[in-house]
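Two complexes come next, and they have one chain in common, subunit A, joined by subunit B in the first and subunit C in the second.
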Partner chain A sequence: MYRNDTVLPFFAILFSIALFYAFRLDAIHLEQLAGEAKEELTPGQIGLLAFSAVFLVYGLIGYFSTWLEGVELRPGRHVPEPGAAVAVVSVLLAVVLAGLSGFFVRLLLHQMTVGPVSSAAQGVVFGSIMLVAALLLAIYKKYYLGDEVLIEDEHSEVPW
Partner chain B sequence: MNPQVERIEVYVDDATEPVQVLTQPPFKVRLDTRTLPDGEHALRIVTVFKSGAKEERRLTFFVDNLPDVALEGLDEDQRVNGEVEFDVKVGEYQAPIEPGRTSPWLYVVATVVVLFLVWLFFAVSPTSEEIASQMAPSGGATEESVAQGSGAPVDQALFDKGKDIYAQSCAACHQAGGEGVPGAFPALKGNKLLGDLKGTLTIITEGKGGMPAFKDFSDEDLAALLTYIRNDFGNSFGGVSVDDVKEALGKGGSTAAAGGGEDLAALIKTGEEVYAQNCAACHQAGGEGIPGAFPALKGNQNLKDKKLVIDRILNGVGAMPPFGSSLDDAQVAAVATYLRAKLNDFGPVSESDVKAER
Partner chain C sequence: MSVYKWLDERLDLSRLNKKFMRKAFPVHHSFFLGEITLFAFIALVLTGLFLTFNYEPSTRIIKYQGTELPAAYASVLYIDSLPFGKVIRSVHHWSAHIMIAAAFLHLLRILVTGAYKKPREINWYIGLGLLGLAVVTAFTGYSLPYDAYAVTATQIGYGIGASIPYVGQWVSQVMFGGEFPTLRSLPRLYSIHVVWLPLTLLALIGLHMLIMIKQKHTQPRYAEKIAPGKILGVPMMPMQASVMGLLFLLYLGVLFILGGVFIAHPIEAYGPPGASTPAVKPDWYFLWIYGILQMIPNSWVIPLPWGQEINPEFIGGVLIPGILGLAAVLLPLLDARKTKMRYLELPSHHPLRTSVTVGILFFFFVGTLAGWKQELGLSNAVLWTMLILIPLASAAVTYMLMRSIYGKGDQTETAG
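Right, the complex of A and B next:
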């Protein structure tokens, strides 16, 4: 197994989906028992969601590493190859990032001056900001930053 | 620095005299390549240790100070004869590098300005304010709609009737004020699920969890009850008409054809009598049938198909005899309505429906 093998990330994401599905089924079952949609989560649901999130992040990191570095590290200097398409995507993402940041500020101001804003909506906007920033960093790392691998990758049982 | 090093001598090509001797750090070598002719050269770096030992590192490099010449009019390996004329083009030695027409700082400033404008647009534009105002918490939105009122106007007569029905059938569990009993009976007060007319109707007519099904309520009872629970206890989901109920139950057109709620009750009563005389012997009084011999009519999804029901009564099938000649249209409509609306939750059947199938 290479350092950036996708076997474990794949199963991590699979488990994550399964746990999230279990959470949904649990919610539907509770809704049927109670006769109404409860807003608050039970400790069991929180546990399912938390582990689902952990597995999801673990799996995404794995796939991200594979995308950035390849499955197998090869010694030598790796010169980045930026292209026009990458530049266009970077510019668009930067504009989206600026827009989302501005909108997030608008949400905060709205909450202070007018009335409450759904926490879920704020979370989605902030999460999107983080995601776009992460994507920009990843694009920079992959397409604009030179890299040098000094030692050959070792086969091992423990990935990254 | 390695304390064993005495000095470092730097030689260029095969010179016997070093161009530079370094005795202490930083061992920085400054070599003016313009003193060397263009082409390949060798650099020798000799490290002399205090013990007298020497180590030599050798590397080659390529000096390219002077521009190459370009020939126009004569190519490599070209065959020529007679007089030949061609241009020799040589770049200027040490020509100053032409400065970029646009300063890189301009790019940086332009990027910052553009991104700031985008940011500003989303931060202050009325459109984003409008979107932000639509992002109120869902709980708050419901309360707002309860306070402002929404949906159809409330029929006061239905509301009062619904209040009586609620007091008799619902208040024991859901409490008089609609607040329910936490953990046992859900509150109706502020319950946003009441906004879903069809869902609420299904819960009333089919029951849910510990709640029994109220199958005996007429459409008018249901409309009254729904009007009441959706518009009392601080709720304001709007009134519900009998037509709304019929539509939600999926028996809008048929009911209209068959007449109002009272006609329906009469039709079912007639149908019950016809059924007792003609059908109950095989399909049993409660419509449960005899497994393996006579199919159950109660809870039979096939009865959803109105035409199929009429066809079976008129023409029979298998062991079932046809009743087309012994029952008139009104009787067939009545028994079909009884089967569909009383034994099941489907809509009634009108005489014209039967006539169309004859």
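Right, the complex of A and C next:
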């Protein structure tokens, strides 16, 4: 809590993995009891996965925040100097993004014309598009946008 | 650029940029818990808009693909058959769970860092209201698929609402259109779920953020050394906005993968409501209340004047959560300070508050565990002992450990 370090995000990701593992163990246990895999999730499993997701997103953004904004802010401007490697990675990610988007449209068209497509495939492809876009935005922020840290008076006129 | 210039000449955008978009935002990862809650709400609104196009809030029986089904149930089956429809419905469901989980963790962060103290008491109260409203909004969405699970789970909530002495029947009339399920229940719950509660949430979220912008964040403590008494942060545009955009994309990525792989509420698995009532438990955020209800014997009835009574449903579903809510309301008054609070308090420097928080978490945990009373084969006596002793013991052990590791805590921290 003292500074924007990665201690809590690290434990958040660890906790997220532990909660997901608890969910898997519960699912395996219920499967053994019922003799078959159930399609529906129990309220307990939904709770475990919901907290696992929150801790995962929190852990990830915590690491990104430390990477992009630093452990401690220092007033001033920092002009970035993107190298050729960054440009190559950005182009590759953009190609992956375009490919995934095209594949996602294909999935939808397939469901409309041929028949059902697995929800998991649709969710994973769309989710991956968002994650690749997130990576591209992070690279843009880190290597192209630069940094600026301000010191503002406590009694600013915003919003009144 | 010329478009910007055209707009700038008419709307004075550069002044807006200078005044609002340059506002400094302090940086700390724990602030993102509030933003995750906000983005969960945005995802709920966006996916909810899609669902409203095809959902029919009616219990009338129609023929859907040769089978007679309630119209609401059939319309959800239709949504599931649309391209990406099942994923969007699942994502809507998951986002509600994640919003409540994130709001709860956000509230915990505020609690353990003392961010409810002067001048942020009002925002603490608004935050409590938002968490409560988020839970009620999620609850009103329970019944909408109108499957066997939805109807039974809503009936548990209906029972709790109707148990409030004197006003219970009135509350259930307003919320459920009579004794649930009636013909009027679904339209009533639908209207509350998609119009009234989201609008109230939107207004409160707006107010919450407006006050936060006015009062500023509680900053990480190191900022005191660099810019004492000032706000050290990154400008709203483009720095803070780009990180917020990144978080939104990360959230959507995780949410859609989760929603696609694990369909949160597969209504075919539950089937339409029938004559037999399936044995279901309410959602996880109600499980601790449900668990406490399991522990209260039916004999706990206190008669009141005019034929009313305090019954076990009221004690477990309203009174005990109400006492916890009252404690949260009183907190900023009991743990107050005279000077303005500018910096995050370290949980390690406040062993009493931190250990009481740990105790409350264990209370929720044991209450939730009691929801599996039958499966675990635990008696009421054992569960009551656990519900009282485990939170007390965990709080006491945490307090002793913190005192032995950190000492009395930094008393100068609270001096302003």
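Throughout what follows, the second predicted complex is superposed on the first by the 147 of 160 C-alpha atoms of A that agree within 3 Å, B and C clash if a C-alpha of one lies under 4 Å from a C-alpha of the other, contacts with A are read in each partner's own complex, and residues count from 1 in each chain.
Operating definition for what follows: a contact is a pair of C-beta atoms (placed from the backbone, for glycine too) under 8 Å apart; a residue touches a chain by one contact, two chains touch by 3 or more.
No experiment lies behind these values; they were computed from the predicted model shown.
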Could you tell me whether subunit B and subunit C fit or clash when both sit on subunit A in the superposition? fit
Give one of first, second, both or neither to describe whether A:Ile139 is in contact with subunit B, with subunit C, with both, or with none. neither
Considering only the touch criterion stated at the top, classify A:Arg3 as touching first (subunit B), second (subunit C), both, or neither. second
Which partner chains sit in contact with A:Ala121 here, subunit B, subunit C, both or neither? Use first/second/both/neither. both
Would you check which partner chain A:Ala98 touches, where first means subunit B only, second means subunit C only, and both and neither mean what they say? first
With the two complexes superposed on chain A, say which partner A:Glu39 touches: subunit B (first), subunit C (second), both, or neither. both
Looking only at contacts as defined up top, I'd like to know whether subunit B or subunit C touches more of subunit A. C
So in the superposed three-chain picture, is A:Arg106 touching just subunit B, just subunit C, both, or none of them (first/second/both/neither)? first
Distance in angstrom between the closest Cα atoms of subunit C and subunit B, superposition on A: 11
Considering each complex separately, which residues of subunit A are in contact with subunit B in the first and with subunit C in the second? 39, 107, 116-117, 119, 121-122
Complex contact set, residues of subunit A against subunit C: 1-4, 8-9, 38-44, 46-47, 49-51, 53-54, 56-58, 60-62, 64-66, 68-70, 72-75, 107-108, 111-112, 116-117, 119-124, 126-131, 133-134, 137-138, 140-141, 145, 147-154, 156-160
Contact residues on subunit B for subunit A in the complex? 111, 114-116, 118-124, 128-129, 131-133, 135-140, 185-187, 191-193, 203, 208-209, 211
Along subunit C, where are the residues that touch subunit A in the complex? 19-20, 22-24, 26-30, 32-33, 36, 81, 83-84, 86-87, 90-91, 94, 97-98, 100-102, 105, 113, 149, 210, 213-214, 216, 220-223, 226-227, 229-235, 238-239, 242-243, 245-247, 249-266, 268-270, 281-285, 287, 342, 344-347, 368, 371-372
How about subunit A: which of its residues touch subunit B in the complex? 32-37, 39, 94-95, 98-103, 105-107, 109-110, 114-119, 121-122
